[in-house]
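A single structure is presented below for examination.
Residue numbering begins at 1 within each chain, and the chains themselves are lettered A, B, C, D, E, F, G, H, I and J in the order written.
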Amino acid sequence: MTEKKYGAKAVEEAKLEPWDNPSPERDYAIEISFPEFTCLCPRSGYPDFATIKINYVPDKKVVELKSLKLYLNSFRDRAVSHEAVTNLIFDDLKAALAPRKLEVVGDFNVRGNVKTVIRVAL
Amino acid sequence: MTEKKYGAKAVEEAKLEPWDNPSPERDYAIEISFPEFTCLCPRSGYPDFATIKINYVPDKKVVELKSLKLYLNSFRDRAVSHEAVTNLIFDDLKAALAPRKLEVVGDFNVRGNVKTVIRVAL
Amino acid sequence: MTEKKYGAKAVEEAKLEPWDNPSPERDYAIEISFPEFTCLCPRSGYPDFATIKINYVPDKKVVELKSLKLYLNSFRDRAVSHEAVTNLIFDDLKAALAPRKLEVVGDFNVRGNVKTVIRVAL
Amino acid sequence: MTEKKYGAKAVEEAKLEPWDNPSPERDYAIEISFPEFTCLCPRSGYPDFATIKINYVPDKKVVELKSLKLYLNSFRDRAVSHEAVTNLIFDDLKAALAPRKLEVVGDFNVRGNVKTVIRVAL
Amino acid sequence: MTEKKYGAKAVEEAKLEPWDNPSPERDYAIEISFPEFTCLCPRSGYPDFATIKINYVPDKKVVELKSLKLYLNSFRDRAVSHEAVTNLIFDDLKAALAPRKLEVVGDFNVRGNVKTVIRVAL
Amino acid sequence: MTEKKYGAKAVEEAKLEPWDNPSPERDYAIEISFPEFTCLCPRSGYPDFATIKINYVPDKKVVELKSLKLYLNSFRDRAVSHEAVTNLIFDDLKAALAPRKLEVVGDFNVRGNVKTVIRVAL
Amino acid sequence: MTEKKYGAKAVEEAKLEPWDNPSPERDYAIEISFPEFTCLCPRSGYPDFATIKINYVPDKKVVELKSLKLYLNSFRDRAVSHEAVTNLIFDDLKAALAPRKLEVVGDFNVRGNVKTVIRVAL
Amino acid sequence: MTEKKYGAKAVEEAKLEPWDNPSPERDYAIEISFPEFTCLCPRSGYPDFATIKINYVPDKKVVELKSLKLYLNSFRDRAVSHEAVTNLIFDDLKAALAPRKLEVVGDFNVRGNVKTVIRVAL
Amino acid sequence: MTEKKYGAKAVEEAKLEPWDNPSPERDYAIEISFPEFTCLCPRSGYPDFATIKINYVPDKKVVELKSLKLYLNSFRDRAVSHEAVTNLIFDDLKAALAPRKLEVVGDFNVRGNVKTVIRVAL
Amino acid sequence: MTEKKYGAKAVEEAKLEPWDNPSPERDYAIEISFPEFTCLCPRSGYPDFATIKINYVPDKKVVELKSLKLYLNSFRDRAVSHEAVTNLIFDDLKAALAPRKLEVVGDFNVRGNVKTVIRVAL
C-alpha cells in the first residue's frame, strides 16, 4: 500500500470528540456496540477480535459517533492485552466525557478454545 | 407525487391524542413497540431507522394508538439526532399524558458500523 | 351454522371454576399461558388476537384449567379494547380466586404497525 | 353486540377482488402469509387457529390484499375441517385468479397434542 | 410384556438415595433438569408430559442422580395433577435431603391449548 | 390405580380410523407431528421418548386425528426398538390408508449420548 | 428542513453506476441485501417498509454499491405498489448491468396483518 | 487412576457390533449423531473435539448403538487427523455393515480460528 | 501412542500461572468460558463432558489464559464427580489468585437423561 | 510496535501449504469457515470484515490449516475489493491444490447499510 487513503489517515488522527449533551438536565443512558474491534496480541502479534460495548449516562458531554469509530479503529495495529485494552478504553472515555455512569465491555473471540469477556464499570 | 393522499395528510396533521384511562384506580403498565421509525440525519440528510419503544404507567390518560402511529410517522422528513429525537418523544408523551411512569427507548440501526440505543426514563 | 355444537355451547356457558388448592399451607406460583385469545376491536369490529398470560400465587383456590380455557374463549364475539379486556380478566380472576398474588398480561398482535402489551399486577 | 361495526360488515361482504397484474409478460412469484386465521371445528364447534400461506405466479390477475384479508376473516364463524378449508381456499383463489402456479398451505395449531399442516399445490 | 426387564424393576423399586455432600462447609447450588417426565391425568387417565427442574443448595446430603432418575420415572403409571405432583416431588426431596434451599418447577406441555408451569420454592 | 379412567380405556381400544378424503381428485400433502411418543426399550425396559412425524398424500382415505393420537399413545407400555416401531407405524398406516405417498420418521431422544432418527418412506 | 443536506442531494441525483466486472471470464454470484427500503403506498400515502434482496451473476458490469444504496433510498418519497416497485428495480438493474442471471426480492413488512414477498427472476 | 473402571474396560474392548436389520426388504434411513467425540491432534498431542454424524441405509445389518458409542469413545487417546479419522470411521462402518448407502461427517470444533467439517459419502 | 507430543507434555505439567493485574486499583470482572472440558466418571470410568465458566474480580493477580487451558485439559484422565471437580477448580483458582470475587460453574452434558449444573460462588 | 512478534512474522511469510490427501481414491468434501477475515477498502482505506468459507473436494492435495489461517491473515493490510479478494482466494487455492471441486464464499459485513456476499464456484 504505497499511499495512505483518506480513511487510513482519518484513523491515524483519530481522537474522541466530545459534543454538548442536548439534555444535560436529565439522567438518560446511551448504549453503544461496536462489533468490528481488532488489535494485536502482545505476546504473539497475531490479530485479536472483539465486540466493544459502551454504556454510559452522559453529564455535560456525549461522544460523537464517527470520532468513536475512528478511535476504536486506531487499535488495529497496536499490541495490547484483553484486560489492558478494555481498561484503556474505559480510561479514555472517562477522561473525555466525565460521564455520570460508565461501563465498558470487551467481548473477545475465542483464543486457545477459551472465550474471555472483560467488564469495567464506574 | 402531485397530490397528497389521505394517509400523507393524516401524518401531516398528526397530534398525540389522549384518551381516558379505563382503570385509573390501579397502577398497570402499557408497553408499545414501533419498529418502523425513520427520520433524517441532521448532518448528512441521509435516512436513519429505529425501533421506538414506549413503556408507561398511565394516570388519567392513555395515548390513542392510531394518533401515536401518525405522530411517529411525522418524523419521516425531519432532521434530528438520535439523542435529541428520543428525548423529544419523551417530552411530548410526558406533556400529553402526565403518566405515573414513562420510559422511551430509541433503538437505532447500525450507522458507520456502530449500533446505538438511547434510553430515557422518568 | 344452523345448530350449536357442544363446544360452542360450553363456551357460551363458560364460568371460571375455583377448585381447592392442594397445598394452601405454602406459597407457590402457577404460570399459565394461552396463545389463542381473540376478541373484536370496539371501534372497527375487526378481530384482535393476543396471548394471555396469568401468573398467580393461590390462596384457598386454584382455577380449573378447562373452565379457564372456556372463559377465555368466550371473548371471541365481544368488542372490547386491549386495556379494558386485560383489566377485566384480572378483575374476574381476583374475584373468583382471591389469590395471594396475581398478574395478568395481554400480549396483543401488531395493529397499525404498533405492538402493545398490557400488564396488570396485584 | 347490538350493532355491527364497519369492520364486521366488511368481513360479512368479503369477496376476493382480482386486480390487473402490472407485469403479466413475466413469470414472478407472490408469497403471502396470514397468521391470524381462525375457524370452528366441525365436530365440536371449538375454535381452530392456523397460519394460511399462499404462493402463486399470477397470470392476468393478482389478488387485492385487503379483499384477501377480509375473505380469510370471513371463516371466523364457519365450521370446517383442516383438509376441507385448505382445499376450499385453493379452489376459490384458482377460480378468482386463474394463476400460472398456486400453492395453499394451512399450518394449523396443535390440537389433541397433534400438529397438522395441509399443503395443496397446482 | 410377560416379564419385567431389569430397568422396569429398577423403576418399581426407585427410592431417592442421599449421598454425603463433598463440600458441606460451603453454600453452592446444584441445578438439575429432567425433560422426560410423564404421569397420568387424574381426571381422564391420558398421559401428561413435563420437564421437571430441581435447584437446591445442599446441606449434609446431595441426591444421587441415578436414584433421582428412577424416582422420576416411577410416576409413569401414577394419576396425579400438575399442582399435586410438583408439590409432592418438593416434599420428597425436602424430606430426603433437608437442603438449605430448594426449588422444584413442573413445566408441563400444553393441554387444551393452555400451557402451565408450577413453581414451588423454600 | 384401582380403576381405569376413560382416557386409559380409549387408549387400550385405540384403532386407526380411516375417513373419506374430501378431495381425492387431487394430490395434496398432510404433514403430522406428534412430540409425545413414548414406549419401552426392549432390552432394559426403561422408557424411550420420540417425536413421530407422518407425511402422506392421501388416496381414498385420510386418518382421523384423534384415533391417530390414541393409536400412538397405545405404545406407552410396549417394549419395541427404535427401528422396529418406526417400521411398524409405517406398515399400520400403509395398511389402513393405502396412501399415494407415505413417510414415517421416528426422531428419538438421546440414549447413551447418541441421538437416532429413523426415516421410512414409500 | 430549509436547506438540503449533502446526503439528501446525493439521493436526489441517485443513478445506478455500472463498474467493470473484475472477473468476467467466470460465472460467480453476488448477493446483496438492503433492509432499509421504504416507499409510500399508492392508495393511502402511508409509508411501506421492505428488505430488498438482489442476487445476480454479472456479465461485463457489476453495480457500484454506494450508487445502489442511493438508488434504493430514492424511493423514499415515491408512491408505488409492492408488485410494481419490485418489477421496476428488476428492470432498472437488468438495463444497467445486462447480468447473466438476476433475481430481485421485495420482502415487505406486514400490512393489514398480511405479509407479502414478491420474487422476480430472470 | 490405579485401577480400570468397567466403563474404561468396555471402551478398551470396543468393537462395532452388527445386528440383523429388522426390515431388510425395505430401503430406510438411520441417522445417528454423537456430539461427544474427542481424539488427539497428531502434531501437538492436544485434544480435538467433534460431533460425528452417521447416516446410512442398512442392508442385512444395523449397528448396535452401545457398541457404536464405545467404538467412538475408543478414539479418546488416539492421535489422528480430522481427515484421517473421518475416513477411518467410514471404512470401519462400511466393513462391518456393508450398507446400501453411507455418509460419515466429522464436524470439528474451531482450531486456530478455523472451523472444519469433513464429509465422506458412498 | 509411543511418544508424547509437546502438547501432551504441556498438559501434564500444567499449573495455573498468576500474572500481575494491570489495573488492581479498580474492581472489574473477567468472565471466562471453556466448552471443551472432559474428565472421567468416578463410578464407571466413562468420559464426562462439561463447559466450565469462571467469573472473577481480580485483586493482585489475573490468571494467564494458556496456563488455565492446560490446567483444565489436565482433568482429561482423572476420575472425579461433577460436584467434586467444580469445587476443586474453585479451590485451586482461589488459592492461586486470591480474587475479590469468584464464581465457578460446571455445566455438564446430559447423563442418564438428567442435565446437571454445579455453581460455586464466593 | 518497534519489533515484529513471531505471529506477525509468520503472517508476513504466509504461503498456502499443500499436504498429501490421505484418501485420494475417494471423493469427499472439506468445508472450512474462517470468521475473522479483514482487509482494507481500496477506495477509503477503512477496514472491511468478512467470513470466508471454503468448500472443496480434494484431489492429490489438501490445504494445511495453519498455513491457510496465516494466508488469510495476510490480507489484513491489503486494499482490495469484495469481488476481487474472493476471486483471488479462489485462484490461489485452485493453483495450490488443483481440487476436483472448489467453492469460495466471501460473506462481508454490512457497509453503507448494504450486506454483500460473493460466491465463486468451480
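Assume a contact is a pair of C-beta atoms (placed from the backbone, for glycine too) under 8 Å apart; a residue touches a chain by one contact, two chains touch by 3 or more.
Fair warning: this is a prediction, and the values are worked out from it, not measured in the lab.
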Pair in F-I, C-G or A-J that repeats B-G, with over half of contact pairs matching by residue number: A-J
Of D-G and C-G, pair with higher C-beta contact tally: D-G
Subunit G and subunit I, separation of their C-alpha mean positions in angstrom: 52
Subunit G and subunit J, separation of their C-alpha mean positions in angstrom: 30
Subunit D, residues touching no fewer than two other chains: 35-36, 109, 113
Residues of subunit J touching subunit A in the complex: 1, 4-9, 11, 35-36, 38, 40-47, 49, 73, 76-79, 109
Sites on subunit D touched by subunit E in the complex: 109-110, 113
Subunit I residues within the subunit E interface of the complex: 81, 83-84, 86-87, 111-121
Subunit G residues touching subunit J - in the complex, by the definition given at the top: 21-23, 26, 28-36, 62, 65-66, 68-69
